[in-house]
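Letters A, B and C name the chains as they come in the text, with residue numbers starting at 1 for each one.
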């Protein structure tokens, strides 16, 4: 029998990362929808990263034609691939730079929702009792608020900035993941290996972080992916309705501008169709990815 | 013979290839008798029974062999309706297959009216009869499944299976999850049904004590094949296949004086790539070199055994009683 | 010598959700899982607790390991009451009392390697990492899993039921406990594998001098493991004695029915009707007096009025029944 100088498994007090990562990477290769979703995300991330190179023009700069006139409402052409707004701004530049705003909104909302939802779900599910009751009543209250109106009201109070919108979205979205994670924790708590950990003297926190949390994290991930889509749409809606920050560059703002300057009646499709399509693409991509990972992390849904 | 299973082969399509769940199993069910189909997990007994009933999983298919029921050959689809009426199947989780939102009586009546074409009044009368047959009070027809205990639910499942007056009842592990006193009551009920209705029963189980208590004939399966079959008394008292001999030793016997059970080392083979020759050879203390390459077909008159060394069965049996013999199988076992 | 584990009048009630009627009437229905259980386990003893589902045997096992707190009565381990244990004393207890589970497929965290799973108790007990490998190796040797290297990196789903149960046992032994509770340790294993695990448990017990409690519904199995058997019915011990006596000369009518009901691998076994009627009563509303009286063929007036307590017969054999037993 070979002698080993040190234990075989050098993984930290957590679960085995490698097989989980391997599955996460392998999944898109099997699921064409998730693969498409991932490609779309990657595309947008690249656009966001290289926005300055892809669209050198400042999206907020008011432009003038060579003749000195306001470059307003120009159709797609050589200088301005998607034309200009009624105030002479380059639509293409707005679209490209708007990607950054969209992704920032989506990702920050996702992170907050995932973190808050997971922690609340873990604590409520594992410790039960009054803690659980209190946390779940708070969650119920958040769930009973109407989504868009509340976001609008909150931004009205706190000021119409993108970060306030993100916060409002996160405030309303965390209960969903918290509840699902909580019920998963309730199930896991009864599993024999959790009981085994108790019998061998593990403390509650240890059980929570070492045995339960790793089995929950995939769920958090799924809900984070869903949150991205929600956040982006909500931000776009708030901006479209005119309650957002009008100095920000975002797809929602583009739609608001297009609407308020009656772009539709002028047939200026190149203005409002691209941002709309981008929003749809990002949200649908998020949905495909979360659906794909759902199958990986909740094997009951896996096909034979 | 009410049922003749001839060289049945059932396979499952999986990502890893074809799994030969049942590989050439043959046995018969005489009319009005109770046959025990016994073996451990993975031996193919549940698959065989599901194939007879035509309820294999989506990726399962019959790869060969014949099934003859009441003299008629059964093929996959055409005679399925016939089978559902004349053969009844009580699956392994029958207790939990009762619909919780309807009363038990309503569920039986539905089977009778929808599949049996009877009127509601006649169906209600028949439901009461069925309950009486399985030893349940008629008043319980109005109860919901959750109001029944485990044993009662099992009886209700059997009652539903008998609704359309089948000639053959296939019961998959009907008493495994039940307490021993309830188990005994259910087994007694099954025997009473056999006597009253002339019902033929195939009882699938892993427990040879249950087989000894209830069955007239026994069929022992291992790794998808039938290794021994015959009258229960014969097979248990004078087993001819080493696996049956080993099972006998490994099974707890409340009344025996033996102070230790003798395990059979090793585990059943992988059915995606079954070994050539005898499948039990890797674990058999009596295996010879030829056993691993040659297959033995069941031989015998009423008592069949698929062992190359069948002629020496008596000597092997004596050796099998000694625990030391089974230590030898350790060296073969891959564990 | 004082016993290792002492149970005195242990009671456990589980509250159940109340119907509206019960709330308005101020009633608090409970499931009476255990109603006054008392017995001792000495060092090196192996006792079996048998009974059908709902008799309270699983709850008793969990109480002995302080996974659940009793509603009444007391349990003491090595002289210290379990109820008062906390901090270091509690950690010490956890090192000395271990559990073997019924379902080997669920008893191990599916994301941990086998090594990690078996080493976990060592981590919890704060044992120096340098010693882990040796201890794990020694535990594996005890459970006859040769070729350590073959198993350490594997995950539970890659092992068979028998191998898994050996790993579960190894994990229970790695801290060298004094007391082991095994809850239906072989019921989910194949028949040919059970014998091996049972033999292993006997061997381990003998080698390490453990005290062990085997909880099982299968009377035929415990016969091979334990010298002493407790028979439980609806939360009470009805008979307590040497296993051989319980099997061959059961005194309590319930034990008699239980023994008669167990089938044996003999085609000529008795098939006479069982000396018992009816079904197990609801644990929320057991009969007055003796809980078995409405199923007992010998019940008489006194059985409804007075709950029988465990009376000693001979040789440590106790029975809870009002019938007179002629001493053998």
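The rule is simple: contacts are C-beta pairs under 8 Å (C-beta built on N, C-alpha and C of every residue); 3 or more make two chains touch, one makes a residue touch a chain.
For clarity, every value in this text was computed on a predicted model and none was experimentally measured.
Engineer: Look at all chain centres (mean of CA atoms) and spot the one farthest from the centre of chain C.
Structural biologist: Chain centre farthest from chain C's centre: A.
Engineer: Would you mind checking which pair of chains has the most C-beta pairs in contact?
Structural biologist: So the chains sharing the most C-beta contacts are B-C.
Engineer: Go ahead and note the Å separation of the Cα centroids belonging to chain A and chain B.
Structural biologist: Distance between chain centres, rounded to whole Å: 53 Å.
Engineer: List the centre-to-centre spacing of chain B and chain C in whole Å, with centres computed as mean CA coordinates.
Structural biologist: Averaging C-alpha atoms per chain gives centres 31 Å apart.
Engineer: Two or more other chains touching the same residue: where does that happen in chain A?
Structural biologist: Within chain A, no residue contacts more than one other chain.
Engineer: What does chain B use to touch chain C in their complex?
Structural biologist: Contacts found on chain B: 40-41, 149-152, 179-185, 187-188, 206-210, 212-213, 232-233, 236-237, 246-256, 259-265, 267, 335.
Engineer: Using the touch definition up top, name the residues of chain A that touch chain C in the complex.
Structural biologist: Residue list for chain A touching chain C: 1-2, 4, 6-9, 11, 13, 15-16, 19-20, 191-193, 195-203, 206, 211, 214-215.
Engineer: Spell out the residues on chain C that touch chain A in their complex, using ranges where they run on.
Structural biologist: Against chain A, the touching part of chain C is residues 65, 67, 91, 94-95, 97-99, 101-103, 106-109, 111-113, 115-117, 119-121, 123-125, 129, 132-133, 137, 147-149, 152-153, 155, 168, 171, 175.
Engineer: Where on chain C is chain B touching in the complex?
Structural biologist: Against chain B, chain C makes touches at 52-53, 146, 160, 162-163, 190-196, 198-199, 202, 217-221, 223-224, 247, 257-259, 261-269, 271, 273-274, 276, 279-280.
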